[in-house]
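Here subunit A shows up in two complexes: once beside subunit B, once beside subunit C.
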Partner chain A sequence: MSVMASSAPAASRGLNPRAVRMIEAILIPIGALVVSALLFSIFLILLGKSPAQFFNLIWVGGFGSAFSIQNTLQRSAPLILTGLAFAIPARIGLTLLGAEGALVLGGFTAAAIAIPLVTGGWPAFIGLPIMAATAMATGAAWIGIAGWLRHYRGVNETISSLLLGYIAIAIMNFFVEGALRDPGSANKPSTMPIGDAYRVGPIPGTSVHWGLAAGIILAVLLYILMTRTTFGFAARMTGGNVRAAQAQGLPVGFLVVACCAIAGACAGLAGFYEVAAVHGQANASLVAGYGFTGILVAFLARQNPLAVVPVAIMFGALAAAGGLVQRRMGMPDATVLVLQGIIFVVLLVSETFYGRIPFLQPKTGERT
Partner chain B sequence: MNKMTVSRRSILKTGLKAGAAGLAASALPFGLARAQSPITLGAVYVGPRDDFGWNQAHAVAMDILKQVPGVTVIEEENVPETDAVAQSMESMINLDGANLILATSFGYYKPFVVETAKKYPDVQFRHAAPLWNADTDPKNAGSYFCYLNQAHYVDGVAAGLCTKSNKIGFVAAKPIPSVLSNINSVLLGAKSTNPDATVQVIFTGEWSLPVREAEAANALIDAGCDVITCHVDSPKVVIQTAESRGAKSCGHNASQAPLAPNGFITGAEYKWETIYKIYADDLAKGEELPNFIAGGYHNDMLRNTAYGAGATPEAMKAADAAIEGLKAKKPIYVGPLKDNKGNVVIEGTMDNYDPVLDGMNYLLEGVQGSIT
Partner chain C sequence: MNHSELFIVLIAMIGGAIRVSTPFMFVALGETLTEKSGRINLGLEGNLVLGAMVAYAGSYTTGSAWLGVLMAGCSGLVLGAMHGYICKLPKVNDIAVGIAFMSFGTGLAFFFGKPYIQPLAPKLQAIPLGFWSSDPNIAQALQVNPLFFVGIALAIFMWWALANTRWGLIVRMTGDSAASARAMGVSVDLVRLLATAVGGFMAGVGGAFLSLYYPGSWNEGLSSGQGLMAVALVIFARWDPIKCVYAALLFGAAGALGPSLQSIGISQGYYFFNAAPYILTLFIMIASARSKSAAREVPGELSLAK
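Our next item is the complex of A and B:
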């Protein structure tokens, strides 16, 4: 990279390539959001609704009060973690759709291991770390399988991770409706409640659970890992060209499985917080689609772990305000989905503008 | 189950009392009664309001509350059973000033309704399943519920006389007590009019899996069933599949009659408006809502969909008679009854509201299918 940077003639225009990339990385997503908002406004006008009212409600419901901000942050907490679960493998060139399964299985194993811990009378400060570690290890192993299959058996990781997700849900259902079912949960099969002592409370002074803090800390750590360490450099190099990486003697198999395991650990941790902070037990409600929304989050963040945080918060705000839009404008729940769909498509199109914005380009037309 | 037993006993008392209060209050025209203070009612649904099923049944009945002067109804659909529902309820309270919340999906209750009710003691919460426990749960929360298996029994009575193959197909979501009770009630209803009738059941494993529901309906018809019914969130796909294959059908949750102009017999429907009317009357008078309401045919909380083209005259007559019987609390489960593995599961006669039935974990003899 440094070699390319020093050889780029963009400096002749007073813009160094690094700055150009940063400007692009900010300008293009914001432009895409503005275009999406305009397209969605046309959609609203065709329906006879007021775009001004809509965007005002998004503001009010997402950020307009202390309650709204906490509502937004609470909803964004699992999305940060599942966004990371897509973004990290993407840096090594893998398209993994396994976060949903890893979240569900991680949450389930956390609830399962809690049963002997709770009945054995272990205090929460010992039990909760064990639950979290179990959830992360399970998620890591689960998505690690997809990485291993990819590298050593040549199995398409997108398909295998997606299908592993369905298997994960089936495994949870099998145990929750069978051996590990709480006899008291007749009409909604669930594991034994972990009890109040084992519940992770909110961050002091807020109603937002600790999963948000965990997500932000992990995002920073993973950003450092992917951009400031030899591991991250090797992973990105592998993502750029596997054969070149192999020719350089990089441990490609290890890197692939490790990136998948990191992704799975993030999703598994999200599952832990769903059990320990939200549900208090494992049941079918763990299958809430956070893993799939995380894909959109990571795409919009262009697989940058730091950018995952604000993007997840934006999605959290849309979800938080979605109810208000339903209630105040009498619009169906699908309205916000339409907006999300438009954002996603416009964003994919906007990818083609990187390196093609005329006034940012060096005279020779070289792209860096 | 012990918790359930306690509440289940108290149910009937409160239910009857509430029913009587409702009748008395309904004599007052709404125009005279006025809400003491403005009420903003927030209704939360787990699926779309036009799902031809559970959510539609609630949304349609909600209209009666919209007409109470001084009551504003705000609604939110497709709210999953995660912390999203807690956030939605809090958003209704904080941003729209809601002071009564109707949470209509089973999985909303614990922990979300309970915890939100503790956090907002001035707001009333009512949840559509018999889960509220007077000893442990907040007093500003409560439950309301109807025992739909009675209406499924009526479906069975009619289906028994409409089937030619003596095989009734049942597409079921999960093998949990409320679903099993509906399947067994269809069987007992059918057997009461047609001793040769059997029920074949396929479990899809989830509340909403339209593709698998269509496959299950087709498989049942291929296996010789000529009447199809179901217990899934939205019966739309099952009923449409049966109609397109020329089979007759019985509905579930709401009216699916428009979906099957040729083969529809009748359907098991909730009459939530009876409960919502009790709430509306109490609100109009400025009184507190009852914590627990439940019932079935005997207190006007169920109905069967108006007969469709698939119902024969004898079936209509038998079903009408069955409804009259249920209104007089005629028992459905009359022992001795065996499960389909040969064990005696019910020895004597069970009251239709006996709490033991809430723990049902078997399919009766005559049902082909397995819950494991």
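Our next item is the complex of A and C:
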């Protein structure tokens, strides 16, 4: 009854609740970005730097030339995948921060399994799929552990997934400094290089690696999975109310672990591309913070797999322009981190405005 | 490994436990206070890193390590107060805000910390409690920093104050049932804001220990998740300040395992032993989740408990 009463006036004003939600989901994050930019400008002015120059450099460094656009896309590829790795479990109500660990471990296992494949002389069209599958399986298992512990043991998934991240990095260091170390890598311990034959080339006509295409395809597939299938409906229902989902007989445990495994597979795939397309071997360069930026990407995209893509490209541009800002304005590389931190905080503050923007709300009767 | 080597490892682990445990202790005590008031602050890792940077910079500019500690605490206080204020807004998720503050605090620390990576700042001086022994290993292990004792005193004070004072009662009531606190005329938001801010202060002081005593310099890899492990440790310690001290010592010993074994020449698996605290935390979380006593002692308003 109350639903009827509140939605009828809104409909008479040409705004149905679904449209209102969509408008909010676009307006509020953009508003948060604008406010963040203003706050960051104040920060720059206090430091005696020019905000106009900063934002101009971000634009030039991110999208100003064909080279910078390709650089941006290159950096956004892992962010799409790690953004998806946060967004999918978020739909089922989990706050999982395990993408960093799954990316590192996925990349490492891909590089490790490449060693016997390369020495055994297997062709790349067999070897690369094996590497990718290994990376995805490792990532899926790694984040799957956090989901399993959450559902069957009641362990807080946020903390456990972060701890698993540190353990993943320790595992990679253990092998990279020991059994699997390439004797030629003196200053930066690494695994044996996978070799040119096993390198994933760029998308034809560009210098961007195939990870970007994989990320976009996965984003579309996961959007369909989460919004158009029974699985997605059940997962979202579980995210809304676990007890109601259990009462309906939904396989909650399976759904939780499956969503986590999907997330881990995405992050592991990002690790595969970092190894096979960017670094050519596994080493500490894999620990680049992609997993953590992915969290911010997913929050800004409101956990919508399709929206993850443009948001990831935006943060890819920010990362691509970081070096230019560093050189031209004499600011440390952590500048981007400060900006990201401000965006993150403002974005979460903006959550409070959902359903509370005055002109979007239906008039409820005569009470004011 | 013969007897004297085992002895060296044990002494090194005890010494390491005392050294490494202090930041855990401060963060865990701060988190205990915050969680007792019914809110969780996952962002104390950010307070820890920012505190470490501010302490080092403060000590370098003022020439007094203790002023640096105070400034670190104040930086933590500001971050904590911001967290507390934001979380009182409707529809804002305190766990997500914690993640945001983790990255915000770390970003600020890295940004302003760049000029302080090279210079040497005055450090906190240790109290040589091992003076009675001629064994250099013991003397080394019993170099205890005064902040360690401050932490223990704070734990005892918090334990007493939470149980016996009006303020302690208000904090516990807010954490267990916001509705009854409101019925008593207590401003729930204000209590939580203050508890989060003071908790943030403590975490900042813990960060000062990292940069001003052990490891004793400022760099970007200074904290490796201590702030986060301390949050997990609070669950293990059942929101009891005294147990926080024991838990911190246990974690310190686990963290000292790798370096102690290295001191007698066992360096194989160094990286694996470095992961010991994380693995220990994970197993403790698995063991303590869903236990009946934990369910009884968790503050009722905590989102962790729901």
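What we mean here is this: the second predicted complex is superposed on the first by the 353 of 368 C-alpha atoms of A that agree within 3 Å, B and C clash if a C-alpha of one lies under 4 Å from a C-alpha of the other, contacts with A are read in each partner's own complex, and residues count from 1 in each chain.
The rule is short, and it goes like this: a residue touches a chain if its C-beta (ideal position, glycine included) is under 8 Å from a C-beta of that chain, and two chains touch if they have at least 3 such contacts.
Keep in mind that this is a model prediction, so the values were computed, not measured.
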Clash-or-fit label for the pair subunit B, subunit C on subunit A: clash
First, second, both or neither for A:S68, with subunit B first and subunit C second: first
First (subunit B), second (subunit C), both or neither touched by A:L163: second
Contacts of A:V278 with subunit B and subunit C, given as first, second, both or neither: first
First (subunit B), second (subunit C), both or neither touched by A:A319: first
Touched partner set for A:L348, first subunit B, second subunit C, both or neither: second
Partner chain(s) touched by A:P189 [first = subunit B, second = subunit C, both, neither]: first
Partner chain(s) touched by A:V220 [first = subunit B, second = subunit C, both, neither]: neither
Contacts of A:N173 with subunit B and subunit C, given as first, second, both or neither: both
Partner chain(s) touched by A:L149 [first = subunit B, second = subunit C, both, neither]: second
Shared subunit A contacts, counted only where both subunit B and subunit C touch the same residue: 173, 177-178, 332, 334
Subunit B contact footprint on subunit A (complex, rising order): 60-61, 65, 67-68, 71, 74-75, 173, 177-178, 183-184, 186-189, 274, 278-280, 283-285, 288-289, 319-320, 323-324, 326-328, 332-334
Parts of subunit B lying in touch with subunit A, wherever the complex brings them together: 1, 3-4, 42, 48, 74-84, 87-88, 90-92, 94-96, 106-107, 110-111, 129, 174-178, 205-206, 358-359, 372
Subunit A-touching residues of subunit C, taken from the complex the two chains share: 42, 82, 86, 89-93, 95-97, 99-101, 103-108, 110-111, 113-114, 224-225, 228-229, 231-232, 235, 268-272, 274-275, 278-279, 281-282, 285-286, 289-290, 304
List of subunit A residues in touch with subunit C within their complex: 95, 97, 149, 153-156, 158-160, 162-164, 166-167, 170-171, 173-174, 177-178, 292, 295-296, 299, 332, 334-335, 337-342, 344-345, 347-349, 351-352, 354-356
